[in-house]
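Heads up, the next two complexes both have chain A, just with different partners, chain B and then chain C.
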Partner chain A sequence: MTAVVTTGVPLLADAVDAQGVPVTRVDWRPPMPGTRDDLATVAADPLRADANRRAVEAVLGVTASLVDVAPASEVLGLEAGQFLHAGPPITWERASGPLRGGLMAAAAFEGLVDDPEDAPARFERGDFTLEPCHHHSAVGPMAGVVSPSMWMFVLEDRASGRRTFCSLNEGLGKVLRYGAYEPSVLTRLRWMRDVLGPLLRRAVAGTPEPVDVTGILTQMLQMGDEAHNRNRAGTLMLLRDLSPALVSCGADPADVAEVLRFVGGNDHFFLNLAMPACKLALDAARGIEGATMVVAMARNGTDFGIQVAGTGDEWFTGPAQVPEGLFLGDFGPDDANPDIGDSAITETAGIGGFAMATAPAIVRLVGGSVPDALAATRRMHEICLAENPRWSIPVLEFQGVPTGIDVTRVCRTGILPQINTGMAGKVAGTGQVGAGLVTPPAEVFPAALARLAELARSRGAVTDLR
Partner chain B sequence: MTVLGAREHVELRSGAYADSVTLLDVSRRAQQLPGVAAAQVAMATPLNVEVLASMGFQVPVEATPNDMVLAVRLTDEGELAAVLDGIAGILAAAARRPEGGAAEVAPARTTASALRQAPDGVVLVSVPGEHAFVEAMDAVDAGRDVMVFSDNVTVAEEIALKRAAARTGSLMMGPDCGTAVVDGIGLGFANVVPPGPVGIVAASGTGTQQLLTLLDHAGVGVTAALGVGGRDLSAEVGGLSTRVALQRLDADPRVELVVLVSKPPAAEVADALRETAGGLRTPVQFALLGEPAAGASDLTTAVEAVLRALGREVPTWPVHGTARPASGGRWLRGLFAGGTLCDEAMLIARGVEPHAPIRSNIPFTPEEAIGPDLTAAAHTFVDFGDDALTVGRAHPMIDPTLRLEHLRRAATDPETAVLLLDVVLGHGADPDPAATLAPALAQVDRPVVVSLVGSAGDPQDLDRQRAALVEAGAEVHLSNAAATRRAIDLLGDTTEDVR
Partner chain C sequence: MTAVVTTGVPLLADAVDAQGVPVTRVDWRPPMPGTRDDLATVAADPLRADANRRAVEAVLGVTASLVDVAPASEVLGLEAGQFLHAGPPITWERASGPLRGGLMAAAAFEGLVDDPEDAPARFERGDFTLEPCHHHSAVGPMAGVVSPSMWMFVLEDRASGRRTFCSLNEGLGKVLRYGAYEPSVLTRLRWMRDVLGPLLRRAVAGTPEPVDVTGILTQMLQMGDEAHNRNRAGTLMLLRDLSPALVSCGADPADVAEVLRFVGGNDHFFLNLAMPACKLALDAARGIEGATMVVAMARNGTDFGIQVAGTGDEWFTGPAQVPEGLFLGDFGPDDANPDIGDSAITETAGIGGFAMATAPAIVRLVGGSVPDALAATRRMHEICLAENPRWSIPVLEFQGVPTGIDVTRVCRTGILPQINTGMAGKVAGTGQVGAGLVTPPAEVFPAALARLAELARSRGAVTDLR
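After this line comes the complex of A and B, so read on.
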């Protein structure tokens, strides 16, 4: 028997129900204020449906392989005094504590200053340049600071040859990406530069089949990782894949042991592979005219920005929000910096907070219960264009993760993307203070929608509807 | 921070384990226990040991990441035993499953989302008109048939939807489509009728309902009634949906005859559709109001023609009760819930009394427009279902308030000679319209004629509704055309001067 989907007055749904016909009722509510006209214009754009279909296909068609580990100077062409950071573009003047702390650590690490405390004056003077990671096919967690001597994972989509990059994960606590710059931070960065990076490069080179990062993501989602705040299974699978070549690469066994201990002891090590894998997939949808899919969500600790497939490289930004969650030790909400990091690229690709249902071990971050986690993932399907058949969630009957955030559906439902995140201390040098949940500032979506509508009108694709 | 040893307690629990997120939550709760100045429960990982040290706790050196550390600092009033009991309780609670079991699945928030869950079927959109376009486009994008019940959708939006539907193979029924029967399901306001040989394409909701109920009375069923929206046959829209609907019904082997019913169409659109119809295998009968040349001057004669074409007997259309005798006044007051029924009544009145003045909120000519008070020194025909009267208010077939108010005014107007009303039954309509209308009519001393558009199977119980209206003094017809003619006849008793 034919079913009926009803959107609107309950009475008409009841009338269908009374005929013994199955009814699916939409819980319709008015869209975000001020978006009605732009929603209609974008809905009327004849390019939209096909553009979104192509965008989804492009994203789902990417497979990320780990093909190299190399210094940023080599693969990104960064030179002394050039720094990348997380999120949309920002100046030193507007940078938050943790981003400043990360930049200070990086300036000292590069030998541009003797003491990190000397760096602010140099940044203020404009001696150094700041650019978003995203503008260099890269992503960085938290502060996301990349300097020329830092080593980067190099991921490649074998079909297209496109590449993305991400720094190596330092672990938790007092680390550069959380804005810490004390001596232990710099010591660790030097070891990563001198030992970890070079050994990983040899291990990657010596591994016969490049590590299939997308494939590990598939598996880890079935092992309780959501690949943003939990990367335990993924990290161990990376070790499994790289260990034979690492052990036999001829390096000093003490160094090999230290690398194994470091990676194995850092549950978040795989995050820095999950992130560029997500970027590699999403970048495939960039520049598709008429597509309303979000291709990046990123924060610099001050601004939250999104980029959309159909609006080129334009950032739509609003104030970054302070996450809600749980705090380490004596830290509390007043110690937390607003949201920071490129790691929301995982949610943009459908994992992290979007795959909360698969990570019951960390559900207390979403407010306490497994049913909440299932509801969170289901809610994200409401704002997404598709499901990812490769990345499925066992407890949801192997439903694919919600994929392709649709600007129009966010504006229509008012449902904001849910992001799992770490929290940095707002004072430079503090480090991590907690972990929790955050959403983008709502206004970035109507702003992106307005631009999509403007582009549709300027193409002459849509005439006045009202 | 100098604290007496006795006020501080650090304990290692080997073999105890909970994940870090759970323990952060446990620590947060422990810190809120009475008597606690600071508390931390954590696995003794290097990071956590560092955090504990920063809080001033000394963690035993033998601690490994597989040990749970429980560290508390008491306030001056704190009792260690009570605090440890409290923490034990928090740890036990954290290990328990929360109540509630599986989460209830929240309903879809957009039409697109619901369509992913319901892989086939038709879509019915009835959100406020300004938002209907986007929801309907979801259905069109998915290649589904969609009925847009909402009114206040612009012509430009309608055209955009119908053009998109042509690309995806959807049938776009509406906007302002009140009635459809699809695969035996009544959508919107639809009368309960058995399946049968007739297929209806209708640019008119209540027109369709009149057809359905007259055919039902004659014992003839309907395969499908596809609404296309009242403007589909206008010059702007150009019959985009009508053409698709005709082709759909032509392809259905159950359909022996198609009826196309519309309010007065644009001439060039009517011509083009006649050409389309001529190319179909199934005969198409045109019931275009205001085009008597088409062979059907009103809906009832259209049904009679259908019955004859099918070789069926044309019954006598039922009439129950007798209107009160005329008692003064000059004008006919037509108060309608159905737009097409209102149009039909106006056309008949104009045909019978070509020189009598007519005013309406849905006039055929601008000179016949009525003011906002909906009254005039003329025969008045008010469509309470018109867009302008349903902004922020339910359709009169659901909410009778506005029409009842106006009925009271018209009934006490000395100029009112005869009252003509429609009552439309079926799925979606007021479950008991006579309950509010009959008491109001019982107060009226003028003649009242009602066209009661209902089928024997309708949920409101046609017989009971009719009996209540007759009891209140109304003369009840099934045919709106017959009711209108009767109302005009009743005028003749008092308005010699007009005639």
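After this line comes the complex of A and C, so read on.
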């Protein structure tokens, strides 16, 4: 049977179609400018195919279990004055408003300053250190600020013993991760430190089998969550799994009820489990020589960075974009900070913006239309190496989510990963202003490709441009 | 602008299409045999249009809140030896295996017999009475057996004060509602009577605002539940709403934990709230003269019956069909009892089989394909009077579920309501054997139409057959 693939001018497709030949219409675009030679080099790299196969297998082989909840000082060894943040490395001087606001809140929360407004001078003076969460096996949504007294979810891949970490979700509105630092933010953080964290730790310890975070993600994707900006079903399943041990742990019933109300009232609570589960999976592919799979996408509010399996821990960065979407109250595009947070680890693992087809109600939060949401998932398959059979989308006849962003496919098609995200106010202290859709800056992919090509050449790979 | 509606031979449609005229293709079928005169009479009934408008408004105006959990003896006034069952009225002699099995379990549970096997003789002798749940403002899934000591959800329409009732869901497998009566069934029923019911009552009493069952249904439909055979998200939201009061009610924490485990481990628990919420809405349209809207579809395992807004409490019945679907373990079609249960009240209200488009994962349980599920919802719009703006389906661009089955549209198109359902073993004591898809027997709709026509004629309506 003859089949014809057409691109560009639709007249040819129509003509062939009229002759009864099956036609597949492909939205062809030229490769990204300047990538021709590097694409040829990487395509010819003898390591590539097997490396990508191993990278996919490694990612899909990971299952994440919730094994502990503990202070960052204990599990990450953070000390007073040490702060983690979302995205690639950045200094206080280049930090955006919401990241500064989050750091100000955290400095006050740790008792390093009496008033958050006193913190900038201390950061400017270099009294405190800043490092990416990603450099400590951790991820953080939005500002992603972690300080020693914050409690962390501890996720483990039972097969390898590897662990990843993420702070506890504060809810919406005026919260640290969106850059707010008013007194209510600090009051909530103290309650999370004194009540929420310790009770969750006891509940996790008292649950006969560790909560299967990867399994909850499987279910969520059949329940209208895409696990980045919708985590409603996931949060409810976490409550279901932890609540029997929580009520039996001997804690004051009033505290238990308050924990149930806090978690049950925050549809985003599970995001902070989805994110480290995705990191745990993707980290399994780090450092596989020749692999062109993206293993991290992260933003600090100023820079957007990616890391790639075959290029070690190197960051390829460009300017973070301002999302397009829907705004809360009177806020508008001028109020929005550029893209921020480690939460794009969800898209890197094939959910979030990559799985919007399974969560069409998300368009009421991030904008766009239902057909757009379905199309986004289909489009992401074009730049991915695999489908994840564990995470399937019922409405697409149970097709697995597109998984393993391939730097070469992005460069060859010009199709950029689709991320959905919350938007922080660009002025420190504002909080959330909206939610929307965004992509990475295009240039990070040719930069990563160039490095992959350079490494291939250094191994003796030959570029065949015939 | 000219538009053309075509039926039958597609050549005409193609020809018109080729001329650039918008074409709507309709799957036209002849009316059901023998309905021509009655259709004409009812169409000419001057009451009809306004009656149906009022019926739709009445149904859509109801909101269901969970206001109590209490024994049937207390809220329904049931006395020893009184049993309710699903579907239209039936005698022991004509009762199917699963209904008999459920009644045998209930008789033993009430202490009327020592051994369930002793119960048939007592029923045959006429020692006990049988009445439909629907005659007591109640509904029951599958066998739908209610006896005085069973605890009931009490739902209330806050505006009118009307109430409906449903028993508590036992979970899957060997359970009374599927006709099982072995010792484990009775042990579970006793625990539900002694622990689950009383604790839920205290939780409901201690919850500041009554649980908004209609609102949970709105959310469920955005979370992959169609609220008949998928109630996973609904069950989790019920837990979320009740658990803070449950842990604060002063009960033994071990009992609280067991209640949380039982409800959290039974994805169908919310069905027994969805059903009375649907009945509460539909009962608002009962008795509206001239209205052709179906207000109940119910099966007792032998007969399938419908009730219609404009015909009072009269049942129109025909033989219940055996569903087509998927079977558990070694069970097959020969093991399945005909359709049973009041749960088709969900389809009558526009969810369940009518909302399968929003729950494509349901095909893994009831059979069929994802496109079938999407098509089923679209097809049901053809026989319904309205869409429910409160219950919308994201993937269909937030279209409201098809609501208010119109007897005249069913007769005119021959399209039968699509029900999804569990399947009980036809031998008493078996339990569940599968789940599948089923429709009412076609003849109940012409029978209801004939009665509507008769009533219209008695009011002086003129049949215009020109």
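Going forward, the second predicted complex is superposed on the first by the 429 of 466 C-alpha atoms of A that agree within 3 Å, B and C clash if a C-alpha of one lies under 4 Å from a C-alpha of the other, contacts with A are read in each partner's own complex, and residues count from 1 in each chain.
In the analysis below, contacts are C-beta pairs under 8 Å (C-beta built on N, C-alpha and C of every residue); 3 or more make two chains touch, one makes a residue touch a chain.
Model, not experiment: these values are computed from the prediction.
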Which superposed partner A:361 touches (first chain B, second chain C, both, neither): both
Per the contact definition in the header, classify A:369: touching chain B only (first), chain C only (second), both, or neither. both
Could you let me know whether more residues of chain A are touched by chain B or by chain C? B
Once chain A of both complexes is superposed, is A:264 in touch with chain B (first), chain C (second), both, or neither? second
For A:112, is the partner it touches chain B (first), chain C (second), both, or none of the two (neither)? neither
Figure out whether A:427 sits in contact with chain B (first) or chain C (second), or with both, or with neither. neither
Does the superposition put A:236 against chain B (first), chain C (second), both, or neither? second
With both complexes superposed on chain A, which partner does A:322 reach: first (chain B), second (chain C), both or neither? neither
For A:398, decide between first (touching chain B), second (touching chain C), both and neither. second
Where on chain A do the contacts from chain B and from chain C line up? 361, 363, 369-371, 374
Note: in the complex, chain A contacts chain B through residues 1-9, 11-13, 15-16, 18-19, 21-22, 24-31, 36, 39-40, 43-44, 46, 49, 171-174, 326-330, 361-365, 368-372, 374-375, 378-379, 381-382, 408-409, 412-413, 415, 434-435, 462-466
The chain B residues in contact with chain A across the complex are 19, 21-22, 24-25, 28, 38, 40, 47, 50-52, 54-55, 97-98, 100-103, 105-118, 120-128, 130-131, 133-135, 137, 139, 141, 144, 149-150, 154, 156-157, 160, 164, 167, 182-183, 185-188, 190, 394, 398, 427-428, 459
Chain A touches which residues of chain C in the complex? 219, 222-225, 232-233, 236-237, 239-241, 243-245, 247-248, 253-254, 256-258, 260-261, 264, 359-361, 363, 369-371, 374, 394-398
